[in-house]
Each structure stands twice: as structure tokens, then as C-alpha cells.
Amino acid sequence: MITTSFFLFAFTVLVNGFACKDAKLVQANGFFFSGLHLMGNTSNAVGSQATPVTVAQLPGLNTPGILMARIDFAPWGINPPHTHPRATEILTVIEGSIQVGFVTSNPENRLINKVLEKGDVFVFPEGLVHFQRNIGYGNAIAIAIVGLSSQNPDVITVANAIFGAKPDIPNDLLAKAFQADVKVVDQIQSKF
Amino acid sequence: MITTSFFLFAFTVLVNGFACKDAKLVQANGFFFSGLHLMGNTSNAVGSQATPVTVAQLPGLNTPGILMARIDFAPWGINPPHTHPRATEILTVIEGSIQVGFVTSNPENRLINKVLEKGDVFVFPEGLVHFQRNIGYGNAIAIAIVGLSSQNPDVITVANAIFGAKPDIPNDLLAKAFQADVKVVDQIQSKF
Amino acid sequence: MITTSFFLFAFTVLVNGFACKDAKLVQANGFFFSGLHLMGNTSNAVGSQATPVTVAQLPGLNTPGILMARIDFAPWGINPPHTHPRATEILTVIEGSIQVGFVTSNPENRLINKVLEKGDVFVFPEGLVHFQRNIGYGNAIAIAIVGLSSQNPDVITVANAIFGAKPDIPNDLLAKAFQADVKVVDQIQSKF
Amino acid sequence: MITTSFFLFAFTVLVNGFACKDAKLVQANGFFFSGLHLMGNTSNAVGSQATPVTVAQLPGLNTPGILMARIDFAPWGINPPHTHPRATEILTVIEGSIQVGFVTSNPENRLINKVLEKGDVFVFPEGLVHFQRNIGYGNAIAIAIVGLSSQNPDVITVANAIFGAKPDIPNDLLAKAFQADVKVVDQIQSKF
Amino acid sequence: MITTSFFLFAFTVLVNGFACKDAKLVQANGFFFSGLHLMGNTSNAVGSQATPVTVAQLPGLNTPGILMARIDFAPWGINPPHTHPRATEILTVIEGSIQVGFVTSNPENRLINKVLEKGDVFVFPEGLVHFQRNIGYGNAIAIAIVGLSSQNPDVITVANAIFGAKPDIPNDLLAKAFQADVKVVDQIQSKF
Amino acid sequence: MITTSFFLFAFTVLVNGFACKDAKLVQANGFFFSGLHLMGNTSNAVGSQATPVTVAQLPGLNTPGILMARIDFAPWGINPPHTHPRATEILTVIEGSIQVGFVTSNPENRLINKVLEKGDVFVFPEGLVHFQRNIGYGNAIAIAIVGLSSQNPDVITVANAIFGAKPDIPNDLLAKAFQADVKVVDQIQSKF
């Protein structure tokens, strides 16, 4: 199971000396996070785990936030198709071989994909559906940086949004949208 | 008389009359579109058709654009699940009964849905997957307004991005993501 | 299953389902407005009435809001010259014949105008003084979409701001500005 | 006559060393303007003159521009009601006594006004109609700073936009808007 | 030592009529500051004093703020090297002769400098280290306008940040950075 | 000396399907960078080297860019005090022990510092002077992510800007600013 809990503290006052009377109280720990060297638990349905960094963010109204996460992949683990509506993502491979891809928007819907090795970096453009999967024989590790154009990057996992919505999106509508039988839709919906 | 002449160099587009040395050439037709009263052709797989308005956009760097479209629905026509990564949408029903819905992001994935009648208005929050379908006995018409937080709202139709990507997203990855058989994935991919 | 819990503190408004700990409480009615098919009461001095849609606005810091209104015009009713300092406007004619116009800024002050029929759409650039009037024999209806570059589009009706300010703008100053007699200014001020 | 010619050079490259290969060519004169101590010629219908500063502006996409101007007023000279759709203005009195005011937007239309003396500073909120006039016995001088939320502040002089539009805004529409006789409108239009 | 205390009032509601139910309470004094004609006390180590204007700021989320200050210089007084991370500055000389300069960023580090006389204006690009000094025989006065790209311009005086940090930045690190002896660093640190 | 050459490709068109007719030409390599696993050459005066990632950037007007770099430190190597006027930085330690610090702005100038080990992450707030140094016995490696609020983060190395400006900042001014002898200033300037 991928558990991604971002704790964004949107301070209204911060570290510069004169707009903020609490400058004296600023502590190094407020800018610090420990543990990105620890492996995440990938024993789940998709074989991957994101460990987000929960550092405090600067709150300036026009200041873009930055989030980062370590992603661990079991052999053949995947990070299923998802989007960040308001964020560009940069992925760096620390260990292993990871296939990555994103799909351009209408009407092209082209799959842009690439196999990444250690030291490779890839950018997923803002808002587009993208995925990763481990295609090596061992574990793989990546660092994902997500830069926000707004205060909250958001994550929408496509399969969950479409087939796991609560209550269900009407099955006949999905059947039409995916040009599949209603019973295929029912079957997939039952898994989520 | 006050004569205020602004000479802005390096503007590349110029529909507004005031920031541009071609102000004398501005014509009303540059701000005008005709034909939103005409019905779109809904004889297609999803039974709906969007007729976008192609008015010139204001080019100011920080000026949000606005797009609008007439959407016609055959009886039981649908506008399949899709997202606008950088745009909020307002839908107004002009004629008929239309069920609308959107799905909240992770981890809730709640379906928020409503049946709209003539004169009803509904907002789809930025970046979320949403859909519409005609649930009346006759045709339905809606006006959709899409307000951009960037210059281009973009449309990502989920089914096309996932199952219609060219080249295909690997079928085993999709099978894992949707918790379905590879052959079900193959079958759906073959339709797109 | 992917569990992504964003805890955003310090958001003051929360209509979207995903950036807010009250995501479970989101209701469809928060995104819904009913009544745009109802005619506004045009029995007033200018023979027109705007019925604004009061849907909840998305609160993202950089997210442009969108407002819409139905505008009803009695025969020869007008929507007097006004500006939205921080908003572009798109007007769609639903019924009738409406003359529309805007005036470019200094030093040109050109009037850009056009007669619109049913299905026609017109854009009024951000910040410019604009007006509409019914030039048909019956009632006219338009839908106005106002897209904000900031959170609040604002409306400034020129006549009210100039001659209806409370307290009055000094009449001799207005006389100079409009190159008219002080008593003409007095007379107009007395109407507001 | 007030002739306000702003020459905004919107450089695409600038002074920082590594995003711009022309950094070596940067010269101090590109950031320099001389002449703000010189009096403007106020022999015109409104008895005032704005002398704008034409320094080069930093071109960053999100960087707000700043403009400034010296405004000279003959005794009882006025700067007639006008708006800057996308700019806040700060006025500092260098010499003399100047009455300033702005009118809030609909529905209040309150006149906020104040008499300023040497060393006084006043802020005109973005987009609102405002004016100044010399109420002393001698000349008056002010420095106006206009901060842009977009690249171009724009100026709309109300009287010119309403009664001096070319071609004319229909006189019967203006008569209705200002609740005045058509012949009063004709008379004012004839002056512009 | 220059003590620059900006008092930024970040109102959340303002002067436009319908987004703010307190429009009736708006008072002219909220937009007003008095005292820019008064000389600051320059009896300090650097021989200069900044007197900031504390006018209320417009709070729109995307509205750039504007700050201004009068800066007095004793003969040969300096305003030591400093930066405003998020603000462009325009300086106008009211009296005297002031040498100004800024240094471009890596890798050029070019000094762009100029001697300004009464009526001269100079722009310091956003974020660059800059300074001023009186090079005349009498006092000098300048008006500095600081335009913010975010809500708070911030001031970082280089000497104070580097040698006056509390606790000290390690002296051996500074020795390496400035390619100087550790005891030179110690000596400078002891002054702050 | 650290030579930080960022190559920013500011594409004007991109990957979404309908705002760009070149969508068909998008290639995976445009989003790809290889080589972050390679050690930089730290044989220089400060004993550190930044290897920037030169991935293509998304060009949306309001889209914040993201830059990243690998920073190698020889034992006791330092990354001298510097600022990014328009960027927040996140540093992750991949190997070794690195002391990091930043100094708050006026009037506090507090040093906030911390020793980081492998897997630790630290945030440097936008615009503040900061530094790093290796305090372990072997080499150290960090990944720095710099998130831009504008299109170009910029780097200003304090020592270079102050003592290495070309031409020199006047030595007597620096002597005053740093409260040091002119000959100390001369000596430091001679090294740059």
C-alpha cells in the first residue's frame, strides 16, 4: 500500500526578520527532515511505496512550494498512472532500472516513455497522466521532486478515481467511455 | 486633453486596443464569434459534441484566459470522464436533464454528482476528473465555461490517455493498475 | 491501495474536495446554482437586470475565479458604461438583438462596437469601459461570464462613480474634467 | 495638455550573469533617468502635466513593473478622474496642497478624499477612479508611483472614454446612463 | 547602523464595494501617511537613515505591494551593500550627489555604478546586491521605491548577514569563502 | 571556485495536444538527463563542485521551474555563502556529513544551522544567504533542488559579489560597511 501523507504547514509568518515578530523562535528543526535513506515497505498490490519528505514550506503567496519523496519499487513494482493537476515532477533514479512514461493530452494521446538507469533524471510535465515501473531484477529507488504551481500538488490515481469512486460512477457510462461491456466495468469496480 | 501614449515593445499578440501601437487597427470582429445557437453533430460513439468558441484571447502575461463551448448531447449521450489540469469549469444547462459528476482526489475518491435541469449551473473544481450525461428523453444542451489559470486549459480524456495512448502503455502495467486481466486490457486497448 | 492524505493547515475556505480535512463533508450543492432560466426584473431606470450566479469559488491562491450572470434587457434597456478593473468578460446572446461596445484606453479612446444576435459571443477586454443595449423590439437575454485575474472582479459603473459618489466629487472639478458648466454637473449629480 | 508617454522597454534578457549571454553589455545608463527636477508645462485645459520616468524595466515574467512620474499642477490645476485598471498608485506631495480622492466600487460609490501637504503620501487602490487637484495658491508638485500587477498599467480618463470615444457612444444611451438630456450629452461630446 | 523597520499592514478586506461588507468603514486615513518631509537621524555608524512610509497595502493575492522610504545621508554617509530578495528598487535623488551601484550575479559579478544628481532616478534590479553613498559635501536625500513581487520585500544587509550572524558563521568557513585569514574574520565578526 | 552553469532551455511550446501543433514531434529525450551518478571535480579553492541537471523546463507562464544539481564536496570543502534571490532550495545528503546554515534577514540576522547525515533533508528559505560544508572525513554528496518563483533562480555568491565585483566596489565604502581597515578590504579584493 502506498501511503503518502504530506504534512504541509502553511505558516503565515516566517524567517525574515522584520515582517514577523517570531523570527527569534525560528529553529533549524523546522527546516529539517531525516530518514530519506530508509527503504519504504513495498509489500502491497502495486509493489511500490512513496516516502514523502515533510519539511516545512515557505508560505509566500507567490512562492512555489516544493515537495519530494523517495519511491521504492519491488522488482516489477509499479507506480500506477496518476496525475498532479498543478505540479511538474522530476524523477531521479538512485538505484535500479525504471521505465517511465507520460501521455500527452487530447487529441494526440502519445505515450512518451524511456528506461532510466542510475543517475538518470526525467521530467513529467504538469497535469499529464504518468507512471513508473521497475524493469530490473532487484529493487529500485527513485527520488521524486514535485514542484507546485499552487500550494497543493494533489494526486489523482486514475484507476481509483474512475473505478474506485464512492459511490460508483454509473457503470453504463463507464462502459461507454471505455467501450467495454458493463460486466467488465462491474468486475473492475468490484476490486476497488 | 490628456494624451497618454504607451509604447510597449515586445508584445507578440495584440487584441486589446490599448497596449499596442496597432490600436488604430483594432476591429470589433477580433472580439466576436457567431454560431453558438447552432446544434453540434452528436452522431458519434459517445453521443455528444463540443462546439468551442474561438474568440481571440487577451495576451497579458498574467491575464487568465477564458474559453467557452456549447455541448450537445443526444439522448443518453455522454461526455466521458476527463480533466482540465489547469482550469475550473462552469456548466449551465440550456435544455434537457443532465447528470454531472466529479471525483475528489486521493485518498477519498468520492463521487460528487447531481442531476441538472434547465437554468442550473454546476462547477467542476480545477484538475478533477469529471463527466456529464444526458438522462432525459430528448436532446440536451449545455454551455461550458472553462477558466484557465494558465494560458491553455488542456483536456485529458481518461480513457484515451490510458487505453488509447500511442504507443500503448504496457498492458501488464495497466492490468496491475486496474487489477484486471491482461486480456481485458488488450480488449479495451483494441477499441482505441 | 494508495492513501494520500494531504493536511493543509491555514486554508480559510474549502469548497474543493481534495485539499481540506473536510473532504468527507463536500456536497454537490456546494457546486450548484439553480435559477438561470428565470427572467430578471427590468422595471428600473436603465431597463436591465443582472442575475448573478452565486456558486462557491475555488480558493486556491493562484486560481482565477469565474463569475457568471444572466442579464435581462427590456426593449431599449441598457447596461450603462462600466468597468471590471481585474476581469475579462465574455457575453453570449441567448435571445434578441444587443448592441455592445467598449472604448480603448488613452490616447485613442476608440469605440469598438457591434450588434449581436442570438448565438453571438463578444469579448470585453480587461479593465476597459463597456456597455450593452437592447436594440430589438422585444426583450433580450445575455449570459455574461466574467473571468477574474484576482479573486474579485469588481464593478465600477462610471456614472455612479463620477456623479453619484457620496459625498459628491467637487462639482467644479467635474465641470473642468467634463468641460461642462457647473450647473450641468449639479443637475446630473442631483439624479444620483 | 497632459502628454504622458511611457516608453517601456520590455527586454527579454537582463542583468543576471548566467541566463543571459549579454551580461557583459549591461550599462549603468540602462537603469538611469535624468530630469525629474524639471517642471512640466501646465499650460493646458486641466492645468497639470505628468512627466513620466522612462527607466528600463526588469522583464521577469512575474516581476511587477514600477512606473513613476512627476506631476505638476498650476494653481487649481486638476488631474481629472481616471483609472489604472491594473495598478496601485502612491502619490507623494513634494510642494503645495493637493486634494486627492478616489471612489469605491458598486454599490457604495463612496468618495474617499483628503487634503495633502508637503511630505504627505496617499495610496489609490488598484482599478478605482481617482483624481487630484491643487487647492493651494501656488504651483504644486507630486511624485506618483504606479505599481503594475501586469506589464502595462494603462490609463483610462473617464471623460475621454465616455464622451470622447471615436466614434461617439450613442447619445441616447449616455443620456440614460447619466440620467441627463440628450442635448446635454451632445454638448459635452462636442467638447472632446 | 541603519534600522529599517517596515510596518506592513496586510489587510484582508478592502475598498471595493461588494467583496467586503466593511466598505462603509473605509476611511481616508487608511490610505494616508504624513512626514516624508522630515529629515532622518543620520548619527550612526554608516551615516544614513531610512524613514519608511507605512501606508496600508492593497491585499489582493496577486497584487504587488509597493513600499517607499526617504533615505537621508550625512556627508559621506553610506547605505551599505544589501539585497531585497523579492523586490525591484527605484531611487530618486531629491538633494545632493549620490553614487549608486549594484553587482550582477554569477559568474560576471560586474559592478554597475553611476553618480546621481538632483532629479536623477536609478533602478536596482530585483535581488541584486546594491549600495549608495553620499559623495557631495552636504547632506543628501533620496526617495526609494521598492516594488514587491511578493507581499514582503525583505532586506538583507550583507555585512550583517555574513559577519554579524548570531551565532557566528564558523570563522574558518568564512576565511575560505573570503580567502582571508581566520583572524581577519574574527576581527570583523567582533565588530558586529 | 565553484562554476555553476545552468543551461535553461525556455521552450515556448510544449507537450499538450491542442495548443501546440508540434505535439507529434515531442521526444522522450527532451525530458531526460543522464549523469547525476558521476562525481564532480572538487579540485578548486573551495573544494566543492555543483553539477547541474539540464532537463528541459515546462514553459507555462505561471509554471514554476525546478532545477536540481549534484554537489560534491572534498573533505572540508565548502559551498560558500550565497543567495538565490527568487528560489527556495531543498538539499538532500546522499553521502557524508554536511553542516548547513542560513542567516535570517534584518534586523535579526540569526544563523540557523544543522549537521546533516545521509538521508537528511534541509530547506533554505527563498532569498536568504546560506552555505554548506563537509564536516566528515571523506567526500560528501548532496542533491540540491532549487524551485523557482520566476523563470531563473540566479545565484549570487556573496564574497564574489562584494569583493570580486569588476570594477571594484570602492574600498572605503566596503571598509565602512564591514567596519574594517581599508587595507584589509584591499587584501581581500586582491584575491578575487
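Order as written gives the chain letters A, B, C, D, E and F; numbering starts at 1 within each chain.
Here is the rule we go by: a contact is a pair of C-beta atoms (placed from the backbone, for glycine too) under 8 Å apart; a residue touches a chain by one contact, two chains touch by 3 or more.
As the structure is a computational prediction, the values presented were derived from the model and not from experiment.
Taking shared residue numbers divided by all residue numbers at the interface, is the value for chain C and chain D over half (same) or under half (different)?
Both copies touch with mostly the same residues.
Using only Cα atoms to place each chain's centre, name the chain farthest from chain F.
Most distant chain from chain F: C.
Centroid of chain B to centroid of chain D, CA atoms only: how many Å?
Result: the chain centres lie 39 Å from each other.
Could you please state the distance in Å, as a whole number, between where the Cα atoms of chain A are centred and where those of chain F are centred?
Taking the mean C-alpha position of each chain, the two centres sit 26 Å apart.
If you look at chain A, which of its residues touch at least two other chains?
Only 4, 16, 18, 45-46, 60-63, 80, 86, 105-106, 108-110, 126-128, 149-150, 154-155, 157, 160 qualify.
Quick check on the complex: what are the chain B residues that touch chain C?
My answer: residues 2-5, 15-18, 23-24, 26-29, 31-38, 53, 55-56, 58, 60, 62-66, 68, 88, 90, 92, 94, 102, 104-108, 110, 112-114, 116-126, 128, 143, 145, 147-149.
Across the complex, what residues on chain F touch chain E?
Going through chain F, the ones touching chain E are 3-5, 45-46, 78, 80-83, 85-86, 99, 101, 103, 105-111, 126-129, 131, 133, 149-150, 154-170, 173-174, 176-180, 184, 187-188, 191-192.
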